[in-house]
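What follows is a single structure, written as structure tokens, with notes after it.
Chain nomenclature is as follows: A, B and C, assigned in order of appearance, with residue numbering initiated at 1 for each chain independently.
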Amino acid sequence: MHFSFINIIDILGTFSFAAAGAFAAMEKRLDPFGVLIISFVTAIGGGTIRDVLIGDLPVSWLSNISASVVIIIAAIAALFFGSYLKKLDRMLFLFDAMGLGLFTMIGIQKGIDHHLNIGICVTLGTITGCFGGVLRDVLLNNVPLIFKKEIYALASIVGGCIFFLLLNWHVEQSLAYVLGIILVFVIRVLAVQFNWSLPKFYEKKVR
Amino acid sequence: MHFSFINIIDILGTFSFAAAGAFAAMEKRLDPFGVLIISFVTAIGGGTIRDVLIGDLPVSWLSNISASVVIIIAAIAALFFGSYLKKLDRMLFLFDAMGLGLFTMIGIQKGIDHHLNIGICVTLGTITGCFGGVLRDVLLNNVPLIFKKEIYALASIVGGCIFFLLLNWHVEQSLAYVLGIILVFVIRVLAVQFNWSLPKFYEKKVR
Amino acid sequence: MHFSFINIIDILGTFSFAAAGAFAAMEKRLDPFGVLIISFVTAIGGGTIRDVLIGDLPVSWLSNISASVVIIIAAIAALFFGSYLKKLDRMLFLFDAMGLGLFTMIGIQKGIDHHLNIGICVTLGTITGCFGGVLRDVLLNNVPLIFKKEIYALASIVGGCIFFLLLNWHVEQSLAYVLGIILVFVIRVLAVQFNWSLPKFYEKKVR
């Protein structure tokens, strides 16, 4: 049951990242295969970097075709919904925030499986959550979202730390997972709101 | 004999990609060592990403010096021919299309050797063929050629699929290889021609 | 003793690259976590690419937390010193040149440990020294420093070749290391000076 729970958040995260990647690629008016490639890179980029760093090779999406199927479905869906939808920005942002939470927790779990230091686990979670988007932004010639004033990596890091606190307080792991995902999502969404009005406050607080 | 056949297309592909990389770098007025590095990245980038994803490490060009020799020769040749040649664009494009075909087939062969799914084999072929160029474009601050309207990844994908069809029809593997390479090359060249005059047709057809 | 000597130059190199990365990120007005991430990428990027290519996985900074501690200290130091310092450019450049020398030698040592060809050892040294900075520049949307007219990769390559010459002349390895580091640093610093006044001379000489 625990295994299938991880599988479900993996599929959801893959779908939301692929869709976010597809929308970003469509905004740049790429051709359909460019859209598909950006969807792939966004969805599996963070996890691929994580697996390469750990040495967990071949990377899972080579032997397990399911991620590719989800990504292709997401890209096609985005290509068709995209022509009717106008409010891409908001949707793109929410997909991205959801994926950030999901992938952060998957990356942390991988770190735990490999008996790594808690700080490194949180780093792996952040890489899994953030670096697919960084690759996407680099390929699309955007300034990576992660480096903007908005809290992005910080949401991932705080969510990861709270997850370990929850485990420490003997919260059941599946629950801690879900809480971690929601926490990252909420921090990310709130951060964008606060940042619009309070950029200086953020800078003072963090330093 | 089959082994040496793969070696020959490997050397030819390495040479043409390295030359294409060198010309692209020279167009951006990089210094000779920048040209050499871009030649390397263009020629071995796709294969390196493929080998890292598969876990086929250390990557072959670390232990087999021949690829490096070919790349250095190609870069030096490009540096000298380049000063006399004016029609770089056309040559750059033809080198690139040839390398695309050659590397696509090499990547597919690697996938077959690792008993991977046909779809994944085609993906590995596309990565091998396209991602050296993507790395080159990212490093040179160009919009990756692959994401432009012109058919690029699609040539690789179609060539790979036809290759598997040919194998299915019991065509001899070496012949299927050559046909696959030629097919990718022809699709790529024709696509640029058609795309100049028929961009909308392409978009309708693919979607 | 030899082992601890390598450790010391590793820490120094990590610190100077992380600080150089932090300053580059601060010049682009990234938020503090963006600065931290760029510090990480700059400091461990070259070594990480080297270890991935060799297949020396998991990469060392996942299991050995010390590099991460050094990087975090460097990033925080840069964030605080940065607000008082005005001459960032010069300091950034000197940090960078020092790191270039240190990491080049570390990369060459790794190649020797894996019994690789001398040319490949020098390449690994160059990758270790240069590609953290290339990743930093790509992420910050700068044209990579390495591709500019200034000698950068060449300093790394010449330093590496001289190091092997020194070993051949039976110079003690630790001394050859230090001389190699100093040589790369001096070439890099002098190159920038000469290049300011003699760009054409450089181009003639290298070709």
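Following the convention adopted for this analysis, a contact is a pair of C-beta atoms (placed from the backbone, for glycine too) under 8 Å apart; a residue touches a chain by one contact, two chains touch by 3 or more.
On a predicted model such as this, the values are computed, not experimentally measured, just so you know.
Where subunit A touches subunit B, under half of the residue numbers in use are shared by the two copies, so each contributes mostly different positions. Rounded to the nearest 5, the angle that brings the Cα atoms of subunit B onto subunit C is 120°.
With centres taken as mean Cα positions, subunit B sits 30 Å from subunit A. Annotation for subunit B: residues touching 2 or more other chains are 52, 55, 57, 138, 141. Interface residues of subunit C facing subunit B in the complex, by the touch rule stated above, are 52-55, 57, 114, 116-117, 119-120, 123-124, 134, 138, 141, 143-144, 146-149, 151-154, 157, 202-203, 206-207. Of all residues in subunit B, those touching subunit C in their complex are 25, 28, 30-34, 37-38, 48, 52, 55, 57-59, 62-63, 65, 68, 79, 138-139, 141.
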